[in-house]
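This report refers to the structure that appears directly beneath it.
The first chain written gets the first letter, and so on, giving A, B, C and D; residue counts start at 1 in each chain.
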Amino acid sequence: MKTLGRSELARMVALHLPRQGFVNLGIGAPTEIGDYLPPDTDVMLHSENGVLNVGPRPPKEAEDWDLINAGKIPITLGTGGAFFDSTLSFAMMRGGHLDIAVLGAFQVSERGDIANWTTGESNGAPPGIGGAIDLAVGARTIWVMMDHTTKEGAPRIVRTCTFPLTAAKVVSRIFTNIAIVDVTPKGLVLDAVLDGLTPADVQAVTGAELQPAKKLRKIQPSGTVVS
Amino acid sequence: MKTLGRSELARMVALHLPRQGFVNLGIGAPTEIGDYLPPDTDVMLHSENGVLNVGPRPPKEAEDWDLINAGKIPITLGTGGAFFDSTLSFAMMRGGHLDIAVLGAFQVSERGDIANWTTGESNGAPPGIGGAIDLAVGARTIWVMMDHTTKEGAPRIVRTCTFPLTAAKVVSRIFTNIAIVDVTPKGLVLDAVLDGLTPADVQAVTGAELQPAKKLRKIQPSGTVVS
Amino acid sequence: MRNVVVEDARAAVQGLKDGHTVMVGGFGNAGLPLAILKAVVEAGVRDLTLISNNAGTVEDDLTLWFRAKIVRKIICSYPRGAKAFTELYRKGEVELELVPQGTLVERIRAGGAGMGGFPSPVGVGTDFAKGKQVLHVGGRDYILELPLKADFTFVKGKLADTVGNVTYNMTARNHCPAMATAAETTVVEVDRIVAAGELDPEAIVTPCIFVDRVFARAKA
Amino acid sequence: MRNVVVEDARAAVQGLKDGHTVMVGGFGNAGLPLAILKAVVEAGVRDLTLISNNAGTVEDDLTLWFRAKIVRKIICSYPRGAKAFTELYRKGEVELELVPQGTLVERIRAGGAGMGGFPSPVGVGTDFAKGKQVLHVGGRDYILELPLKADFTFVKGKLADTVGNVTYNMTARNHCPAMATAAETTVVEVDRIVAAGELDPEAIVTPCIFVDRVFARAKA
């Protein structure tokens, strides 16, 4: 099946962010969304290790390992940025001060449950949770960005998560490499589908029922979405 | 009955403070203790409105109403001092980081209960509690500095406080204008008596039983205590 | 870029409504947003619930609110020496919830940090424990103190930049940073506004995420 | 005047004993007291309970402690990518208590601030709620998270003055200020020590009351 590349997916999410507000981009793939924000955006990026207004990655020679994001990647500080300790950083999260967090996930359920910290199969390796759970519970709006299925083709959007939950009933929107799905009180609504695929194609790889939006949108290969 | 003056009482307490450590001098009379610290002391004074290393009161023309102590009196900042917000200031208190707090009191019981926020008789005036209770619960060592009796001659050191408690079983030492009394697991111990008075004189105006110390000390009119 | 600067105190209190809960920073005369206090009275709101350490000491502070009788209830640690408040209190025209100072600010922090309050050792065995849930942790008793939040927070800073980062002046910091985190709308009155990037990012006390409006107090 | 400067990392870890609980600041490579980490191994202690955000990423960090097998238990939010730790974990030779990052630092703060923990909305309805007391506040469920304290805290600062006030460098601040409040003995490794009075009193992050020892890391 045709899918969006990781960069195009990041671009698609970036294009959906509002023009202002405080946003946390989860570690891993969501971090890449920052690269596609318009240069004149008023959005300020938060990183949970204690920095507000995260700027672009510096050139290699300017990297400073005391200036990193939660993914432990070197960053720069944007104009008007601030440093603070972890208690204040997590107060921002837990206290509902972030407008949007975009998280990766293993699974999202039709009622908005998110499982993103462990598949429960550890092979003896230690589990890790980090700050993902604080974001999932605390940010006002939770978006998920993930591949629509596992590498083996199993659905990640499911009726009930089989992996251990990170938080219950928090996700409002899911951006995948083939679709955009809204989590509504009435169930999952298919908002947009990758050009070349049909709603039925998407439903076939989704583990929960999708209702069509009043007006289905089309995702172009670049990540731009059109009505 | 002969009594120490307020300044001499403050001086007596000052002479008993260790040479180093973090000390909070409660609002009102205890604040005056600061005037009698030796110039080379390593003691750092904390004030609960958010300052560490409180220095002496500035000359009138240098007063700044953004630089005050918890008694709302202008202060200076000593070398190496710091400002912080109230959450951190009260974390210092509640978390047991202060070595000594010297508080005023209406009553202290023989088991170390302290009543210092209201007599319960308000005449309709609003009660106030401020930070006294946080200090009483949080500082590692609580000393009380007060007149031995009320203006009417009623004892302030009592078997059981009749006024509403600030905190239970926290006071370890009581400095009054005629005596020094230690609160011990075995009861109140009379450590020092004002020159010219006898232990019986002090007992007569005390509402709980005083045991004599192994070696009773003598308080001189200047506030100096000698063996 | 984000810009939260408003023109004056009047613009700063826009949206404040009858019955709102309002936090006001300050301890003694330090950290009081005096221009805002005046603008609130001029806005003609009433039935406010006020969360504040004190209840007014001189004529141009919270005394204004009690003279104007716009406060229904005050949650406060030390309302003594407050003439206008005391008058209303004696007549039963204003309600008082007395809260120890450290408990007050920590309840505010809990509100701002999304916690269900905090288990406090302060007040155990006293009148302040009445009606509160007792928790036993590690062999010690604690009382569960509940979080405080507000519709508006009004505090006084020293400098703000245009995006809304704030610093404070000496002991005028007091409850202001905690209160700034705990309101739907946080307004900061400052001495001076500077361009974004002028404040040392290591020395910013209240990051802009907590701040909705700033304005520079007119020079006296 | 108070002076808490010690000569080197060896002097900084004096008194650390077998079985102690130890907090170590740092997130990724930022804020790690590397000289202390080495000195602890050289001190020959064992059976430590370690409270730390991570469990070592490169060879000169907490990896040293796991190679030396001196940790009995780690309380940690993200021990992934930690080779030496993972090896011991697979063999069942080290115990792990996994704690969400925000919960970890707030439990530390509660320990330092004398509170009986805090009611957290994080983890409700998940594995992290297992065995924890549930509190109902304002129509929402919270789980009671317990305070954490330590015998020693080891963190990395940027500057310290001789009385023990500390500043941090950018995102190397992370958990360090909270950990500094929560130990019997707090030790800070810094880049440089300055005279008392040289730090801006408004920009001090950890006031000296929390700090027992500071020392300047030798230049590489």
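Quick notes
Definition applied: a residue touches a chain if its C-beta (ideal position, glycine included) is under 8 Å from a C-beta of that chain, and two chains touch if they have at least 3 such contacts.
Computed from a prediction, not measured in an experiment: that's the story for all the values here.
Listed by label, the chains touching subunit B and subunit C alike are D. Between the interfaces A-C and A-D, more contacting C-beta pairs are found at A-D.
Ranked by separation of Cα centres from subunit D, the top chain is B.
Centroids of subunit B and subunit D (each the mean of its C-alpha atoms) stand 35 Å apart.
Taking each chain's centre as the mean of its C-alpha atoms, subunit A lies 30 Å from subunit D. Each chain gets a centre from the mean of its Cα atoms; for subunit A and subunit B, those two points are 56 Å apart. Contacts with at least two other chains are made by residues 106, 109, 113-115, 120-121, 168-170, 201-202, 205 of subunit D. Multi-chain contact residues of subunit A, defined as those touching 2 or more other chains: 77, 83-84, 87, 90, 93-94, 138. The full set of touching chain pairs reads A-C, A-D, B-C, B-D, C-D.
Interface residues of subunit A facing subunit C in the complex, by the touch rule stated above, are 20, 22, 42, 44, 46, 52-53, 77, 79-84, 87-88, 90-98, 138.
By the touch rule above, subunit D contacts subunit A in their complex via residues 27-31, 55, 57, 77-80, 82, 85-86, 89-90, 96, 98-103, 105-106, 109, 120-128, 168-178, 205. For subunit D in complex with subunit C, the residues that touch the partner chain are 106, 110, 113-121, 133, 135, 137-138, 140, 142, 144, 146-147, 167-170, 200-203, 205. Within the complex, the subunit C residues that touch subunit A are 1-2, 109, 111-115, 161-163, 165, 181, 196-197, 199, 201-202, 204, 207-210. Subunit B contributes residues 47-51, 64-70, 72, 77, 83-87, 89-90, 93-94, 124-131, 133-134, 137-138, 164-168 to its touches with subunit C in the complex.
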